[in-house]
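As structure tokens, here come the structures.
First chain A sits with chain B, and in the next complex the same chain sits with chain C.
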Partner chain A sequence: MLAWFTPKRETWLFEVNPALKFMVFFALLLIALFNQNLSFAVWQAVLYSVLFYGFTGYSIKKLALLSIPLAISFLSSAGTMVLFGKGSNVLWQWGLIKISEESIQHALLLGSKSLSFGFVGFTFLLTVQPVLFFYAMMQQFGLPSKYAYSFIASFRLIPAVTEELQIRRNALKVRNIHFSRGIKGVYERLQMYTVPLFAQSIRRAQRIAVAMEAKQYQMGAARTYYYPTHFSRMDIVFTTVMAGGLVGTILLAF
Partner chain B sequence: MIFKDLSFSVQRGEKVLMLGPSGCGKSTLLQVLSGIIPNSIELPMKADTITLPESWGFVFQDPDTQFCMTYVDEELAFVLENLNVPRTDMAPLIEKVLKRVNLHLEDVHTPILELSQGMKQRLALASVLLLEPDVLFLDEPSALLDPEGTEKIWSSIKQVAANKTVIIVEHKIDLIADWVDRVVLFNDHGTILADGPPTTIFEQYQAELKRYGIWYPGVWQEYQESQSFQSMMKNRKLAVSSEKIHLNNFYGYRGSTPKIYTESAVAKAGDWIAILGENGAGKSTLLLSLTQLLRTNGVYEVNGIPIVQKKNKRQLPTGLSLVFQNPELQFVTNSIAEELIVSLRGLTKQQAKQHAEDMLQLFNLPDSDTRHPYQLSTGQKRRLSVATALTPQTDIVLLDEPTFGQDARNTFAILEKLEELRTQGITILMVTHDMEIVKSFATSVWTVMDGVLHTNSANGGGSNACLVHT
Partner chain C sequence: MKKLKFTDLLITIMIGVVFGILMKFWDDLYTVVKPILPVARQLIYGMWFMVGPFAFLLIRKPGTALIASVAGASLSAFAGHGLEVLMYGFAQGLAAELLFAAFRYKRYSIVVAGLAGVCSCLASFTLDLFYGYAALETWALVVKYGLRTISAFIFTGVFAVLIVRALEATGVTNLIRPVDKDEYSMLDR
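Coming up: the complex of A and B.
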């Protein structure tokens, strides 16, 4: 699983301080979220697609695979908006379905926004190492170490939980447990899986917390860092490129 | 209340071993002595005076719940970060400490996930050594390790702790019995029963050690010489012997790669087959393939009926049952009695109830309609998980290390129950690392090596030439 997230080559995006990258991307997503202008939204999506397809350093195959959920989210959000959106200049109507000029515009706006979110989100995930991200958050942005380490520790637990899920699935088969159909079955499944998995996870989390304190981890105490993260020239390049890109899209849009 | 009016002290440099029945509070005392209680775990506690060591390290029982980082070097660096060690000093310190515990890795940036359990415990020891502790607290560090891992962790501990104070809680003590200076024996109520040099304690309190299920040196030998074992093993044979499992050119797959293969293998009624092999050799894969939880290929007959795998609907072969290693993950109901009934098919309510009662009695389980399976002791949980696998149709039981991490008393109890089932004609296939079990109970041995199952019982077969199929 982790091996899948190894790029073919490490692009310049990898050299950007991960915490700064997060902040910049977060700001860009806020702009995308609150923007109501269609052509600005489209150009933003184009900009971020260049980032995603051109500069993440992953193979075309993997990027194509990741594009599938993006396409689905675009089609589903835009599709419903086209068919059921409000509007006065009706182009075509059939029963509940009403396609209007406004609804098409809204659909494209919404679709572009969801694409922007997808591209930026994936670009960040593909070009960041989680551990380094949290180290940078601690060092450059003063995130309290307790939050950083609880996130890092929870990453470590993911494989254990997936393994347990698999064992539980097998155990239920061996125990000859059959679930009802429909909603009731969903509820039964939820109960059969969550109770033992939660019990195991809570116990594990508690033990790890005790072990961490036994290794003299103290909340709020001064500490050194194994992975030093800094701001570098690449951060200036990155910020300039992103700001320039944004200005470019504004010029193209208005 | 766990302890009342307890006084306890340890001198500098002493090596102390704490023994007692499970649940007597030894581990709790260890946590009090280190200050984990009440600093990290809040428990009501009162003490007239309490003097704690200034620098200490703690190695816990479970190799999987001691680390918060993903890689070996990151985990060790975490300790150094806590100690405010400058970054430039970290790499040499990490390398040095790994050498001290005999953990040799090609690259220190290795995922902890890829280490064996024994290596993980040595890593835990290494991370503790970085604290430069005067006192080492060891809470059953080898309980969940195979024999090889157990030997390595203790030899590392002996090496690094020669001039430290060491306080140990452990059941498996044959490797440390002559290393410690002092043994403290607790009884069920958390009071100290005896406190003295190991030789005296082992001589004078043998009955207690036995009752508390402690793996004291020579416990197997004594068990094998005991009256009950002798009479159980006398005339160990079976009236009928029909083929229960038949494998021919059999493959088991994980994904699309074959992970286990055997040319041919046969298990008969009343066989007790021990499945041996290194970690990762494919023992668990074999069990999952036999239960059809994985995709398989080749000839596979259970009770003479060929098992044909349907593409999307894999079914457990009739008569076969599997007991996993973690009992809690296979409990499905809210009470012990229900747990024994839920898997039954085609029985009247009365019959099912009778079956549950029989099982409760056979496995010495408390009869309670309201008690949740999670509330049982670890030994009881293990016995219940074996009991749930037995329905009236079951005649082949597969077990994944059923005695793993259990104390001596529970181990013998489980083995005796299995032997009882075996004499009734049930076939037992059991993964184990424990050669004593193989020697005393197995009727033949299957060895899994690099994904291939070998069944030539000529050189295996335990020591049970006395078992005759007629």
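Coming up: the complex of A and C.
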């Protein structure tokens, strides 16, 4: 699975400091979230699609595959909004379904936003190594090491947890467990899966924490890092390009 | 105020991450209930508010609701759900955290936990307003968010409290809960 996430070529986006990349993308997405102007939203989606298709360095086939969930999220969020969105200039109505000019506008706004989020999210994920991201957050942005190492340790345990979930599922199947219908069944299912899973994860997390402290890990102590991360010239290029892109979309939209 | 030790912090983040994994499977699980899709989807939506209150009920220290919520959201974000879940996770966790803080972190009942979930739901509704999910016809808006609020209460109140009780019965909570004064005084007897 992880082998799948190796790019065809490493583009300039790979050289940007991972934490800085996150901060810039996050700021851009905050702008996207609070923006209410349709053409600005559309141009932003276009800008981020250029980033996604042009500069992640993955093959067209993989990018096309990743586009499927993006298309689905566009259609599902925009679709509901077209059919049930509020509006007074009604174009077509059938029972509860009402399509109006406003609802189409809202749908396009919503759809463009979800595309922007999707493109930026995937661009970030495809061009970043999670562990280095946390190291850069510690070294360049002063994230306390206790958070970063807790995250890294927990992320490392994901395979163990998913395996446990799988074992639990099979165990319940072997024992021929049937769940009730309705809300009671939801609870039964939740309890059957979560209680052993959490009990085990809590024990494991506690053991890791104790082990780290036994090896003299101290919260808040000054420390050195196994993976040093830096700012480089590429970070200036990246920030300038993204700022330029944002200004460009504003000029195009207004 | 009881501060978070490193053990507590690691466990809190672990809980958030496990919840993130569960939420990923939760999506698959409920594609089965598709026929009554729109209503059913909103009724199981409370799962997405559960992580913060659940972590607080388990560890009972300030900060856990927010941290666990952000941890769960970052797992979802790394699993490909997009960076917007981080914003939602932060807002939802913060809302739950503030509600627990309003009770001085001393109430662990179904009602208080459920209210924390409702606060999370309100926070996500506020973000939805900006995002544009809430520009619906009035009836659809009331149905969607009404069901979601009810679901939030059931999941974060009833379900979370019951599951934490079941976990207490397994004995793991003894690893993390601070020891009461009463328990120390029992040693003196």
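The definition used in the following text is that the second predicted complex is superposed on the first by the 248 of 254 C-alpha atoms of A that agree within 3 Å, B and C clash if a C-alpha of one lies under 4 Å from a C-alpha of the other, contacts with A are read in each partner's own complex, and residues count from 1 in each chain.
FYI, a contact is a pair of C-beta atoms (placed from the backbone, for glycine too) under 8 Å apart; a residue touches a chain by one contact, two chains touch by 3 or more.
If you're wondering where the values come from, they're calculated on a predicted model, not measured in any experiment.
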Touched partner set for A:225, first chain B, second chain C, both or neither: first
Contacts of A:204 with chain B and chain C, given as first, second, both or neither: both
Which superposed partner A:12 touches (first chain B, second chain C, both, neither): neither
First, second, both or neither for A:141, with chain B first and chain C second: neither
Partner with the higher number of touched chain A residues, chain C or chain B: C
Contacts of A:33 with chain B and chain C, given as first, second, both or neither: second
Which of chain B and chain C A:179 touches, first, second, both or neither: neither
Contacts of A:171 with chain B and chain C, given as first, second, both or neither: first
Partner chain in contact with A:160 - chain B first, chain C second, else both or neither: first
First, second, both or neither for A:131, with chain B first and chain C second: first
Shared chain A surface residues [contacts with chain B and with chain C]: 153, 155, 199, 203-204, 208-210, 212-213, 217
Residue numbers on chain A that touch chain B, as the complex places them: 2, 131, 149, 152-153, 155-156, 159-160, 164, 167-168, 170-177, 192, 196, 199-200, 203-204, 207-218, 221-226, 228
In the complex with chain A, residue positions of chain B that touch it: 34, 36, 39-41, 57-58, 60, 62, 64-70, 73-74, 77-87, 90, 111-113, 127-128, 131, 288, 291, 293, 314, 316, 321-322, 324, 326, 328-332, 342-343, 345, 374, 388-389
In the complex with chain C, residue positions of chain A that touch it: 25-26, 29-30, 33-34, 36, 69, 77, 81, 84-86, 96, 98, 102-103, 106, 109-110, 113, 117-118, 120-122, 124-125, 130, 146-147, 150-151, 153-155, 157-158, 161-162, 165, 183, 186-187, 189-191, 193-195, 197-199, 201-206, 208-210, 212-213, 217, 219
Residues of chain C touching chain A in the complex: 6-7, 9-18, 21-22, 25, 29, 43-44, 58, 67, 71, 74-75, 77-78, 80-84, 86-87, 127, 130-133, 135-141, 154, 158-159, 162-163, 166-167, 170, 172-173, 175-176
